[in-house]
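Next, two complexes with chain A in common: one pairs it with chain B, the other with chain C.
Up next, the complex of A and B:
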């Protein structure tokens, strides 16, 4: 749980730090030969747009000879990188993946191991990059950008009369008080943890329990209680659509999607922060890039992951910057003008009861539990 | 029942037949209406009771002479009921149902359903006659509804695939062209459109050239292993697309075509060739080989013979094959994801990623535009086909 503490501390600094002058440090590869085009891989949608606005456009403004092409393939990045490596034809320069995929790519030797202090800019106060990102560097290949969370949204107009709005993740199981369908992601991760938590398992014992056969059965039994009321989703856009339709009463999705539904699309939706599950998203560099290609990527990364750029990104999407030093610089939404800090999953008020994606546990148990979960789904 | 002469006389049938039939129809509609309101059983029973009661009232109380007035009355009644439940949209659905019910009551009650059928048919045969038509209609509705639903949703003023209350009430506020505007102004969509327009015609041209030559060659008797060669050329149509795509990916990567414009064009041409071969082979069946011999006899070389004699006659087959090849390339998503890179992102690819990451009605706007293009192309094919048949005297039309 070190990571959670770091996250809290980073937002707690919001008040303490003032504006700091940006340092004009050049990237370590400045002056070396570089190619002029980059293929960046990301998720499309609002998230890719925040990257485009916060650091790709400013970078191209500084280096007008450079052009960037987006490939919206992050979802299948692992499979595609494997195929590319097998065909000996890597066409990507920089790939945005979730931390668990970064760990897999790193283990398979498809992503390049980096020294974070060498290739990333120090914080404005001189702190080394590795200290600034802290525990969020979960793999030697992974360069974190944002912290996001998976959490629940609900239709405010479908809360029965005379009942308080849901405020606990266990309200998902309370179909008597809150009738209506639920939408959950079609995978065991997060659902199993929530099920055990709501079945009375203490938070710090969840993974000990889940490591046992009985614990897994217990979680599935708990999920069984609401199985008939669940619509399973697989794309991040599904739950917002189902909520907008009034098809479900509550459903899990990424906090940025809920922010967009509530603040940008103005739908009658509220959100829970209780037991939100933190996860990380960031860059990896594919292994075996040519030197001129690698130099361009490193030059771009030096800029795109500095303190100011990561803070800028939060003006376009409600995900928390991965650098501790960026937190104080989070300002207002680029179009709506609302204060973004209270919408960050890492804001102290929102982060009272949280869980962190357990990369080690799921790396070890994912295949087994996945098979069980799918068999249970098919029953 | 439009054209045709009444060959069986109409007579008023007993209520023991009419009321259950009309009641059953009412129960069916009640099932839908009741389920929509969350009371299935009530809907079924209520629908049956109301419709049977109306049939009895129309046929015995009002009598046959006041048919017109009764029909309008039923329409008004259901329009009003619909208005109360679902405002203007409800009123329209109600009026349509009222119109149907009014017609159905007299059609059953007065025995008009037998009017245009031979009098010797048994009850079972009459039932099958209409059941068959209902099944055909249901198949048609099943095929076409998903496409039709997309079209009004593309004019949604909100950013979701949802019929909002404003849309259902036909409030102009609920509709907008913003998703079409988004399509025509967004750089991503325009780039995708440009790619599709650059790729599809070139792929079509290649597919038509190679496919036509292959079809002509394979239809002459002296070519050895014709069946085997044909099977290989047709295989992209039969092999699952994902297999072709994965194979092309690894092959094209080796020879440096992966992620290039030329690579995507070649891949799409390979997919289009079977369509051209099949349509051109079909036209060649009706082609008289002695014409080419006659041309040769008159001193034309093979190229001139092909250009002046054979090509004009098989042109309709070539063009319809070309249109199928064009649509194949224009709609293709699996192969281009493998063979293309981000620079060759086509419209279907953009729609595919868009659907997964961001459910935006812009996709529906694009889908509507593509459906319109497909309809235009297929209409052209059909007109050409009829024209060629007429010219060759194969159909009297």
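Up next, the complex of A and C:
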């Protein structure tokens, strides 16, 4: 559970003593030949916008000769990258993926293994990048950017009178007290863990139980209790829409999406942080880039993943910066002007009871449990 | 004329090419005079003496070739950009070279092992796995194999990833022993001088071949080779040519004979350095696997045998043999089990053995809810069966959508065909307008219409037809999919129907009525049969489009309204199990072809009309 500790620590407001030397360091490839265009792959929407504002635009301002093209393919990055590699024609320079995809790309040999200390800027106080990112470096190919979480939102105006607002993930199962539909993601990941947790399995035993046939059946039985009340989503925008339409009482989605429903669109929706599942998102560099391409990517990464830039990103979206040293620099939302720290999934008040995405477990069990889960869904 | 009749009975009244054929032949015969004229049933000859049949066939062939040359650009284009990639993709449903290419020695060592005995494989299999896995891990190909095998046996992914990380340290003690014994063992030049010579080219070639197979899995079977040829034309060849690689040294035949494992491991190291790192053996000391192989070789030789070896650095080898006697041999079995205790169970070994052949039925079995078991293919557990259900559902829903389209489209097409031109044109625009709108927009619009807080439910509640807490569930189920897809596919039914109906003269119906038929009889006996070709064409279009749909069911289908194509999309883009996706796709293709064939038998494809 070291990851948890790192996450907690990253929000503790330890002001870094300003060893300014690190700030002026040039990227390790400065002066080398570089191409002038980059194809960046991301998710589109508000997240891509936060990247554009926080570091792509500033980078282009510093290097006016560079142009950046976005490809909104992160959702299918693994399949597309594999197809590109087989066709012998990789057209992407830098790809934004979730950590589990980064691990798979690394496994497939499609992503480049990197030495984080060599290619990433140290923290302002001189801490090595690998220590600054800490355990968030879950793969040799993965350069973390943000910590996000999958959690629940609920309609505050649909809470029955005389009843407290839901404060536990198990209220999802309590359809008596909180009538109304729920929306859950159409995949086993997260749902199975929540089901076991609410069936009385201790948090640190969830994955041991889930590794057994009985445990999987137990989780599905638990989900069976609410199967008729669930609308299954597959796109991150579904739950916010369903909540806004009043189609569901509560539903799971990414915390940044809920932030935008609540704060930016002013909908009567509340956050339920209990048992939020932490996950990571970051860059990978495709394997076998041309040298000039690679130099450009490394030069960009050096800038885009430094302490200040990651902190800047949180002004546009409520995801926590992956560097420990960025946490104290998180300030206010760029347009709304509200303090962002309390909206971070890693804020101590929000992170009282959390779960970590277990990459190793799901790499092994994903196919197996997914087959069961989909068969269960289809019945 | 008597001779003409002798050349065969003429049945047709009008002149046919056949007539001309006979005519020429007869005239020809006549010109040749009496010497052949008597043989009425011999082969007829052309002017140059070749049989006429042949000469005519030749003339026709030239014509056909000309015609073929005209369509050749299109044909080649379709073959290269459409048929070949599809065939290439579908071929993945059976191909399985990855296991044999990544673990060739292990596959061979397991060939004689009886997986059902319950015993673990022999030590030789562990040793083979070590040398296979070491190279695969250096080339970062072991995790890819782990993913492949994880489809069959949960846990293989992390097993290979974890052991791939540890495999460098197997036999650490023996490696250190050698290195401590003499500094020269850590020098690249020392190794080159020990192994260099002539006569070992075969070992190097084998290593090249082996590494290229391991490293480039995009050449798959005969089809893959052909496809690589095509790709080569466009400048993206699949494989590095083995001959182009300069290894920077040549292997001694004597050394390879005395130290076979070491020679093999060193050759693989050399090839790896040359291809992957673009360096040569001179740039780095060998990796651990070479030391471990030498340790094995030295132990296999008796001191007398080694004494007889007179190759370079023989003294150092003899010293090493003596020194290694003090450390125990590398226990591969213990090392693997220490890395992951699963290696001490039969399961992973059985999986490797079962999937070692280069072609597998595993994906197809999986696609019909079956799996390989020791007793042959068997159905999966009930709670894991999904594809049979999905195939049935896909067919059922596609048929429902087709019938709904006929029911709704027929009257509209009739109206279009029978209204005055001005009104018909306006209606036509209404039919085509949604056709020009984005598929996603139309699907999302249905979501807004049908959801529980949606337009239709709101109206029903407002009218008092349903209670506020009893709103109808019309989306995220089969109903939603059928409604949305019927709407989306309706133009494909209306347009062929309309073009067929337009050609039916209104006078037929009038004639039927004037002969005493009721409107219903006139429609049933006169009008409807003439529209059947339009229905046929529309149904084929709608059904085949429907069966492959996946965006709309994904959005509005919920859990009961999804198609098999949603699973195919999942396996292509999410689970990366392309083999299974290809198997499912092949089955879907075969089902469609069978249905098409049945349709041709029952209705007749000649009866299909897309236009007047």
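Couple of notes before you dig in:
Please note the rule applied: the second predicted complex is superposed on the first by the 370 of 379 C-alpha atoms of A that agree within 3 Å, B and C clash if a C-alpha of one lies under 4 Å from a C-alpha of the other, contacts with A are read in each partner's own complex, and residues count from 1 in each chain.
The definition used in the following text is that a contact is a pair of C-beta atoms (placed from the backbone, for glycine too) under 8 Å apart; a residue touches a chain by one contact, two chains touch by 3 or more.
Because the structure is predicted, anything quoted here is derived from the model rather than measured.
Once the complexes are laid over each other on chain A, chain B and chain C cannot both fit and instead clash. In the superposition on chain A, A:374 makes contact with chain C only, while chain B stays out of contact range. Once the two complexes are laid over each other on the shared chain, residue contacts for A:88 go to chain B and to chain C alike. In the superposition on chain A, contact is made by A:231 with chain C only, not with chain B. Put simply, more of the residues of chain A are touched by C, taking chain B and chain C as the two choices. In the superposed model, A:109 makes contact with chain C only, not with chain B.
Within the superposed three-chain model, A:44 lies in touch with chain B and out of touch with chain C [touch as defined at top]. Of the two partner chains, chain C is the only one that A:364 touches; chain B does not reach it.
Looking at the shared chain after the overlay, A:265 reaches chain B, while chain C stays out of its contact range. By the touch criterion defined above, A:72 reaches chain B but does not reach chain C. For the contact definition in use here, the residues of chain A common to its chain B contact set and its chain C contact set are 75, 86-89, 245. On the chain A side of its complex with chain B, the touching residues are 39, 43-46, 69-72, 75, 83-84, 86-89, 91, 235-238, 240-241, 244-245, 265.
For chain C in complex with chain A, the touching residues are 139-141, 143-144, 146-147, 150-151, 154-158, 161, 218, 231, 236-238, 383-386, 389-390, 393, 451-454, 476, 554, 558-560, 562, 567, 572-577. Contacts from chain B toward chain A in the complex involve residues 158-162, 249-250, 253-254, 258-259, 341-343, 353-359. Interface of chain A with chain C (complex): residues 75-76, 78-79, 82, 86-89, 104, 106-109, 113, 181, 186, 217, 220, 231-232, 234, 245-247, 360, 363-368, 370-372, 374-379.
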